[in-house]
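Paired with chain B in one complex and with chain C in the other, chain A is shared by the two complexes that follow.
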Partner chain A sequence: MGIFVQTLGFGIAAGAVISLGAVGFTVQFGISNVLNITYGAFMTLAAFLGYVLLNRGLDVWVVLVAVGVVIAIASAVFNRVFLSPLRGRGAGFVNLIIGTVAAAIILQGVIVIAAGPSAVTYGQQYGKTVSGAGLVFSLAQLIIISITVALMFGLHLLLTRTKVGRAMRATSTNRTVARACGIRTERIIDLTWLLTGFLCGAAGVALAVTTVTFDFSIGSTFLIYMIAASVLGGIGQPYGAMIGGLVVGITSQLGAAYWSPAYQDVVAFCILIAMLLIRPRGLFVAAGVNRRNLSAT
Partner chain B sequence: MADASESGGKTALEVEGLTAGYGDIEIVHGIDLSVSEGSLVSVVGPNGAGKSTLLKAILGLVKVFDGSIRLDGHDVTRFPLEQLVRRGIGYVPQVDDVFETLRVHENLEMGGYLLDKPTRARRIEEVLEFFPVLAEHMRRYVGTMSGGERKMVAVGRALMTSPRVVIFDEPTAGLAPTLVQSVLEDQARALADRGKAVLLVEQRAHAALQLSDWAYVLVQGRVARSARAADVLSDPEMGEVFLGGAVKS
Partner chain C sequence: MTGQTHPASHGRLRARTTAGKLALGTLAVLVLSLAAALGASAHRSAGTINAAVIAPFSGPAANLGKFISLSCYAAAEQVNGAGGVLGNQLGCTTVDDTGDPADAVPAVARALATSNISFASGLETNTAAVTVPLMNDAKVPFFTAAGLPAFDKTADQYFWRITPSDAQNGAAYAVWAKLKKYKSAAIVLQSNAGNDTAGPGIIRALKSLGIKITIKIDIPGEAASYASVVSRVKAKNPAVIITATDPQTAATFFSQYKQLNNGKVPPLITATASLTPDFFDAMTKVLGASFVTSNISLVGYHVAPSSAAFAAYKAGLASSSHVSPSDAKVVSGIGVIAGLYDGDIIMALAMTAANSSKGSDFNKFIPKVTTAGKGKVVVHTYAAGLAALKAKKQIDYVGTGGQIHFNQYHNSAGNFSATAFNTDGSPRLLSVFGAGLIANALK
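Showing the complex of A and B:
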């Protein structure tokens, strides 16, 4: 029982980072309809930027916001100068994915040139632990979990309670009809890339803080988990991705604890496949709803 | 010269010398067209004639090479769709015409995105007056509704902004034959009778022309004929235009 509870704690901490990243990924996909593989490389960039800034002694909150803003702008620019024109020239869904794969490889290469190919270790300034109800969290993990919860709550309010949120949902569902409602979809899409880029950046910093040692491949490795979480939750569903992130985090930690760390991914992805067989559209997609898009329910 | 304006009130939408297409390919050439308040104007023509392209050019969805578009006398050439909507155009796209994953009332509310809350509520009442059937379905997901019901949601959504000009792209496409007449009559014609300027692109030329005031026959991207709908309908030559047969229903 002790092991189980402690593993649950690790799982929640790992899951929080996955959730944070996955929500950004899934919302980006839901609204812009681009399965953006470059998201992983942007996350690597965020992790390295976070690492550099944290080692300068900056506060973790400051670093999170600063890197979040940088990645937000980079993502919006990336969409404007690369993906939008590609789509405008008639690139289809698959070609766009290949485009983002290419961009991811290039960005990763640039990171290697700038930061070197070897792993870096982030000295744990947040090594203190906090315990309760049998769970033990490091302070860093607690910060990440609370940031995730706060950002999710904010996103929820944005999507359900604000005019912009409604416009985002409309744009994700049917862009032409959204325009026919008078919604300036170009702006909404820019805003979406800023917002999801921010989540990507925050998740990258969270990853740097919690992973301790990482290299240029961290984002692309992590992307698999985020895609799994998104698919599990029903692609385009922010709450689905959030729960999906927790499921992936917890199952992989349980797999590591009860079987072997070498198999933690195997366990997590077996569960993903089993879930897909049971609920092919993801856990949280309502019956009769069969399109990739953003929903607030 | 006789033109569409003789059939009704003042001209709402006026297209002059419009040349448009995709990339650098011109599809429609020098189109002149006008729609006045209270009239139903149809654009008919064989497959590939450029009917949809013409609508998309008016709606800022494809490239306009030349010519002008005026709305209530103001130049709106190359305005993006969302801008045109703000200025009084309502657009009902061909097939993908609703927010499928939202409920009926959410579709209508989204249609009233530009409005304040009380106006939005009032407009929903007006839409329900026009489509009483929808009142029973307000909480249904549009994705689960029949083709005819969906079309009502699509048109209702477009009416939320209380547009002066309503543009339909093939409203009967994909509908059961039994619904064709009712969509054209109870929606397109009824809106014209309520004073809207209605522009309709239709494959089912016969059905559309019977209800229309004015017709433009588009052939290979040019207006081959602009006349009273009844005259086009009774002209034996027009049958030739449509695949060499009679004007089909």
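Showing the complex of A and C:
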């Protein structure tokens, strides 16, 4: 039982980082209807920007916010300069995905040119451990979990209690009707890319804090977990993605603890496939837990 | 209507133009083929002898490729400084196999078809299973850095290896653990081709030497968290951890170990392949310089830093414009890279002895220039070997790792050593132990 509880804690810590990234990814998809594969490359960029700022002596949490802002602007610009024109010229859903894949490869290549192929290290940040009730967390993990929860709560308030949030949900549901109702959908989409870009940047730095050392492949490696969390929760649903991230984190840690760490991802993805077979549209859509579906579908 | 062309004549003109283009294209291909054929024969009489360095030069393992290529550049300095091979300069051609077999096959096939390769080096573990047969079929002799035990008894005639197999490397970790008097060991290996074959060697040798294996666990590379695995390993309280991972994985794993074990990490035994700035920097940031310099032993193929061959190798590294001083410092501590340098020198001497740069001619001269024997002149450099061969004497090249003893499968396992890091990341020799100890441990 002790190992189980401890592993649960490890899974929550790993899942918090996945959740942070997955929520941004799924909200971005839900509102702008773009499955943005460049998201992983932006996370890598965030991790490297964080490395540069850390070496200038800034505190890691200041770095997380600063990098989040930079990636937010970069994401919004990316949407405006690249994706919006593509959409304007009639690029379909698949073409947009291919476009983001190409952009991800280019961005990753630029990062390798600028930073090299070698791994870089954040070092242990807030590594002191806190334990209780069989759970062990580092201070950094507790802060990341807190940041994730705070951002999720903030996102929840934004979507449910503000005019902008309602406009975002309306845009997500039907952009044409939203526009006819007087919502400036392009502005809403810009705002979405800013918001989700911030989450992407924060997730990139949080991930680098967790892994301690990383290279240019960090974002693309973890993108698959974020997509899995999004799909698990029901694509386009922020709350679903958050739970999905936790499920992926916990199952992979349980797989490592009770079976083999070499197959920890196999366990997580087997559960994903099983869930999809039972609830093809995702855990929360089928269960009807979350009525605030941001998906345009 | 003057000046206008009839549509039918347009069609004929297009047809004629297309036919013309095809003819020109065919001619161009023929000329290129002829030039290539002439080039293939010409390089044997004058010009450049091409040594291919087949290794990953892009992707996550790009540093490995860079380090492997330095052995060739050092050898080229030595060979060309002595006047070249058969009147030709030795040149190093890099072939990027990316560390992925799917990329390696077309890359090597293309290089074989277009680069007039006389011999090759590199062909490391991740891609050796596909690159070795290609080179052997093309009758191009090569020295490999691959430790796959599958090549311990190979029938490939153009295969040569003077560095240990992965099983022997694995046993060397265990022998060092025994020499350090550790009573128990945990084995934590990153899942990859090299470790898959080293693992059984470690287990067999640890059991044979009476060291308790507390846990043997394979971990995936670059995971976000190894907390569950760390929890399992530390629960067994090992006296030492035998590990082989990339720097990124090692830093994540051992930072979490330190966190979850009240700041304590047992001593580590790992491969000399980790004698890199990446590994040193990552582990120093995570575990501290004091731990890294006093509690990490790096075990692998031994080269003798005081030997004349090693002095020549270092001189080659120092004088090559392709090698930075910092890289020279790093690779001079990695035995496998020095072994590949020896391989390049041996190839050049074999060509000279055979008076041919054709693989099928000089391949059989490789053991002839490396086997000890009565009346043979022992040489440690290409220049000395060349001088002796010109004087019509038989030679025995003794390289950076000492005397070479090729068996019937073209393998020669040398000595092993344990090394530690200095505070600046450079290697510090701890101990040398013979291949006999490894062989006994594997019995």
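The working rule: the second predicted complex is superposed on the first by the 285 of 297 C-alpha atoms of A that agree within 3 Å, B and C clash if a C-alpha of one lies under 4 Å from a C-alpha of the other, contacts with A are read in each partner's own complex, and residues count from 1 in each chain.
One rule holds for everything that comes next: a contact is a pair of C-beta atoms (placed from the backbone, for glycine too) under 8 Å apart; a residue touches a chain by one contact, two chains touch by 3 or more.
Every value quoted in this text rests on a predicted model; they were computed, and no experiment measured them.
Of the two partner chains placed by superposition, A:T251 touches none, neither chain B nor chain C. Residue contacts after overlaying the shared chain place A:S230 against neither chain B nor chain C.
When the two structures are aligned on the shared chain, A:R166 is found in touch with chain B, with no touch to chain C. Of the two partner chains placed by superposition, A:Q108 touches none, neither chain B nor chain C. In the superposition on chain A, A:N174 contacts chain B only, with no contact to chain C. Of the two partner chains placed by the overlay, only chain B lies in contact with A:G182; chain C stays clear of it. In the superposed model, A:T121 lies in contact with chain C only, and not with chain B. Contact comparison for chain A: of chain B and chain C, C touches the greater number of residues.
Taken together, the chain A residues at the contact with chain B in this complex read 163, 166-167, 169-170, 173-174, 176-185, 286, 288-291, 293, 295.
Of all residues in chain C, those touching chain A in their complex are 58-60, 62-63, 191, 217-220, 222-229, 231-232, 246-248, 250-252, 255, 258-260, 262, 278, 281-282, 285-286. Those residues of chain A that touch chain C in the shared complex are 3, 6-7, 10, 13-14, 17-18, 117-119, 121-124, 127, 129, 136, 138, 207, 210-215, 217-218, 221-222, 225, 249, 253-254, 256-257, 260-262, 264-265.
By the touch criterion stated above, chain B contacts chain A in their complex at residues 61, 80-82, 85-86, 90-93, 96-102, 109-114, 141, 143-144, 157-158, 160-161.
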